[in-house]
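We call the chains A, B, C and D, going by the order they appear; numbering starts again at 1 in every chain.
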Amino acid sequence: MTDTDYQAVLEEVAADIAPRIGQGRPAGYIPALADVDPRRFGMALADVDGQVYGVGDWGEPFSTQSITKVFTLALALAHGGHNLWQHVGREPSGNPFNSLVQLEYENGIPRNPFINAGALVVTDRLLGMTGDARGALLEFLRAESGNEAVDFAPHVAESEAAHGERNAALAYFMASCGNMLNPVPAVLDHYFWQCSIEMSCGDLALAGRFLARHGLRADGSRLLSSSEAKQVNAIMLTCGTYDAAGNFAYRVGLPGKSGIGGGIIAVLPGYATLCVWSPGLDEHGNSVAGVAALDRFTTLTGLSVF
Amino acid sequence: MTDTDYQAVLEEVAADIAPRIGQGRPAGYIPALADVDPRRFGMALADVDGQVYGVGDWGEPFSTQSITKVFTLALALAHGGHNLWQHVGREPSGNPFNSLVQLEYENGIPRNPFINAGALVVTDRLLGMTGDARGALLEFLRAESGNEAVDFAPHVAESEAAHGERNAALAYFMASCGNMLNPVPAVLDHYFWQCSIEMSCGDLALAGRFLARHGLRADGSRLLSSSEAKQVNAIMLTCGTYDAAGNFAYRVGLPGKSGIGGGIIAVLPGYATLCVWSPGLDEHGNSVAGVAALDRFTTLTGLSVF
Amino acid sequence: MTDTDYQAVLEEVAADIAPRIGQGRPAGYIPALADVDPRRFGMALADVDGQVYGVGDWGEPFSTQSITKVFTLALALAHGGHNLWQHVGREPSGNPFNSLVQLEYENGIPRNPFINAGALVVTDRLLGMTGDARGALLEFLRAESGNEAVDFAPHVAESEAAHGERNAALAYFMASCGNMLNPVPAVLDHYFWQCSIEMSCGDLALAGRFLARHGLRADGSRLLSSSEAKQVNAIMLTCGTYDAAGNFAYRVGLPGKSGIGGGIIAVLPGYATLCVWSPGLDEHGNSVAGVAALDRFTTLTGLSVF
Amino acid sequence: MTDTDYQAVLEEVAADIAPRIGQGRPAGYIPALADVDPRRFGMALADVDGQVYGVGDWGEPFSTQSITKVFTLALALAHGGHNLWQHVGREPSGNPFNSLVQLEYENGIPRNPFINAGALVVTDRLLGMTGDARGALLEFLRAESGNEAVDFAPHVAESEAAHGERNAALAYFMASCGNMLNPVPAVLDHYFWQCSIEMSCGDLALAGRFLARHGLRADGSRLLSSSEAKQVNAIMLTCGTYDAAGNFAYRVGLPGKSGIGGGIIAVLPGYATLCVWSPGLDEHGNSVAGVAALDRFTTLTGLSVF
């Protein structure tokens, strides 16, 4: 598929799924997210050579939220955190992203790094290894996207903290099981700031290119081994879209990770990384228009991992 | 990769994982399975053109058990059972394959077609559409494998029925929720006979080629649309190996479906279908040497969906 | 309290709770129960000397349903079934009466003899000890009530069997855990016939007098030791009214056992046994007017176990 | 039963259950409790007239822990907290005392006031009504026991706080459901200090006399209505001994409340309040020798509520 094709496909996708834009509801649990215009839509594709294609609001920064969980996982693995897998699993949870039920049955070991409890464990380890988990994440995202303007949104981080009782419950529960190395308030603080980072579809597609490049960073240095990059993609496919991961694999057929800001990144291993954004969410917390756009993209191109 | 390469890779895989053969324990819940020699190992690959490569006991028939769930699903879809998805989900269960807990919380709608409850729903529908679910399955497997000797093992079917209380509990529970169209005893009977079918690795690799051929049968006719074949592969990846599907995706990176007879089929979409068999099972019910062999295969070849 | 007082109190209770009669809904899961007139109400008290007092429809037979679980438990204990407590627990379940969830987590050992699964275990044991569980129950109820007309209602038993998938699921699940001694169909058959027995409030109050008489039967012979009678009362208090037992203890303060036919028996140890009947059920399956009447009775008399 | 009888019975009980003293294990989760000598045993009875009888270490202060939950509940009701029942239930939980599972399924409304989550709700309400929950409790216990030396154990409270992650998880979870009126750290602080109060068996038997006196305090003033006192007793019987309440009712047949310091109070409505203490706990967190002593007491005297 040539460069021109990618741009044409994105435009066709945007036209086809236009009726879905505005469907669903933006996340309402913190005011900073609830105020976003639900009619926004953007989509970008960064190929393995760094060429970026985009449509709609693809240059507009939005709240990345849980999409950052992919990057903190990759950073933790890159910093040598391989015993991470003793503290967090790699299985789909079959439960909502913020559930405590399974965590209690399984003694404080979260099912995977993409549910909230698992991401708190990853942040805890990254904090232990780097001394500054949120700083390490921000630096990485700026470097890979080539955009020094990528930054935290302090009012979002503060709003998350002010409404963070559920995440506090998860973290204190894991602490009670001995599965938190750092003090709970510090881990929560880094976690809330990580979630607050704002980036555009273009930024995120570029930043996630290492997943399509078998572990190579933008500058050609190696972040992850080829095998590790494959493993992160596998976890995205089985666990990346909350308790709708099976349906996402069925419809889209790509490794993907969504955030309740309405963004989703997806990977075509060996080819490209995509990012789509539209704030209206379905009942599982995934962007309605975003999933539809990725579904349409794979149908039009015949590209999927299956 | 050339033909010679496939054969060489299979031989290298077999040599590399030899220490794992005999590890784990054969399924013990029915005598017919418990008596199998745990040191058996075979592996076969059928490419999209129908060429077959094999190593070890790849021509030896074994009890297919849950591997048949892939074929009954495909047949139900091929017979037009698309409203099937109103009666069974497409999400990983996060629970053991024979659990009733989730089924009760979710009103008798099983999470996916590859846990026992979901397979019972598929058999129930296939029975309704064909009048003979087990017969339709046997005919299909004989045709695709080109082996008219493929058959039921009556003593296994009878042994399953004699120890079938758990499956009876699942079926009666779904019946109590209105999610069984046919009488429970009939559905159980067809289900037990389906599970009893014996095939070799070579037979199964050939029979599963439609998954690598985007839905085309051995004779070139279409069983599933390209999109449906992709969907079955997606469900195999997210749900095909019981509650260890995440780890299988992480290690192997291929759509796969295991059975407690010790067999696993796996798909390289566009290239080939594999089948491996060794009776020793891990704690999740997957063949220890079989998973190791597929893991080694994807590592050696660099072929995976990610 | 003199005899005259009991009759006066029953009449005052009936007058006070008249507005509650007809509230709630009769059980609808089998036609035989759904057709009952929801405006029926009766209440009877049998003192330890065998004197009976009654008000309203207290002489009208109704479907005893789960009330029989008290009597089958007592008979199983009386026949020497003390190892019964290795097969069924004595704890409140905290779940609906027909739930499979807890049963799976606890390996097929039901929480107590008054949820359906536990009653199936008791029937299984009584069947093993007597060869005729339903016959032993009927004989006992006729003897204690002094009413030879007490009998099964065959159309109710058949209707239960025809809609018995949920109970079949419970029984087959326990069988799969090794917690059924007799064939499942036989146990289900005895269970459905037991539930179908029809008795009046007066019959049931008389039949339950052994619970107020520390284990002595109507003819003065001993059914249970004093300690066993206390134990059955304790289980009634903690487990007798489904997942509303705590609230029943809070409001009424007496050991009680309800049935979805709308009846409830309750015990004043050392004094009397009561039975009340009105078909309208609350969301937990307990008679609305029945609970109100017992609540009013204990408030008016100051009699409760607390 | 005369005064002399009570003393004689206590002595007989102590002699009979002597072999059980030292069985089980003291609570080990905070050092302050783990260091207690497991061979301590004391038992006291306070009759409705204020006469106290005792045996063994009945005058020795120990850590009351969860026994205080009875008193905070009574104080919350006495302060007019009747809408309390909209925020906490009255049903047995069927789960361990510190479980989050049920709390999540039931939207942050704890099952009853005697599991940790429920007691946190009661403390939260009492804090709101009095401004000083722990102070109100201490004042009440001193007044009822007539012992001004009753006091907090600061090192125990601090140790509870230092190991309080599980309770923090419960409280933050309820806060996330809107079921905490005061800031979580304040509620936890009052809760930990309440649990730290040290009293003897004699103190506690006296302090709990209002439960045997239908709501009347030591000075004859009314704390609770007769109906409320009955209700508290009912909740003790169905929920007072963690997930072993059914078995406690079965064996002992009295309303009771245990603490992991090894103490249990029990009520003979209209007659007396008992308290027993021995640090060795069974797997449910109840004192082994304590339950045995109460069991023996009711067997010897024939006194129980059933």
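Simple rule for what comes next: a contact is a pair of C-beta atoms (placed from the backbone, for glycine too) under 8 Å apart; a residue touches a chain by one contact, two chains touch by 3 or more.
Fair warning: this is a prediction, and the values are worked out from it, not measured in the lab.
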Worksheet entry | Maximum centroid distance from chain B, chain identifier (CA atoms) | D
Worksheet item: What angle of turn lays chain A on top of chain D when you fit their CA atoms, given in steps of 5 degrees?
Response: 180
Worksheet item: Taking each chain's centre as the mean of its CA atoms, how far is chain B from chain C in angstrom?
Response: 48
Response to the item:
Taking each chain's centre as the mean of its CA atoms, chain C sits from chain D at a distance in Å of 32
Worksheet item: Which whole number of Å gives the spacing of the CA centres of chain B and chain D?
Response: 55
Item to complete: Pull out every residue in chain A that's touching 2 or more other chains.
Response: none
Worksheet item: How about chain B: which of its residues touch chain C in the complex?
Response: 99-101, 103-105, 165-166, 168-170, 172-173, 175-176, 184
Item to complete: State the interface residues of chain C toward chain D in the complex, per the touch definition above.
Response: 89-95, 102, 111-112, 226-227, 229-231, 233-235, 237-239, 243-247, 249-250, 253, 255, 267, 269, 299, 302, 304-306
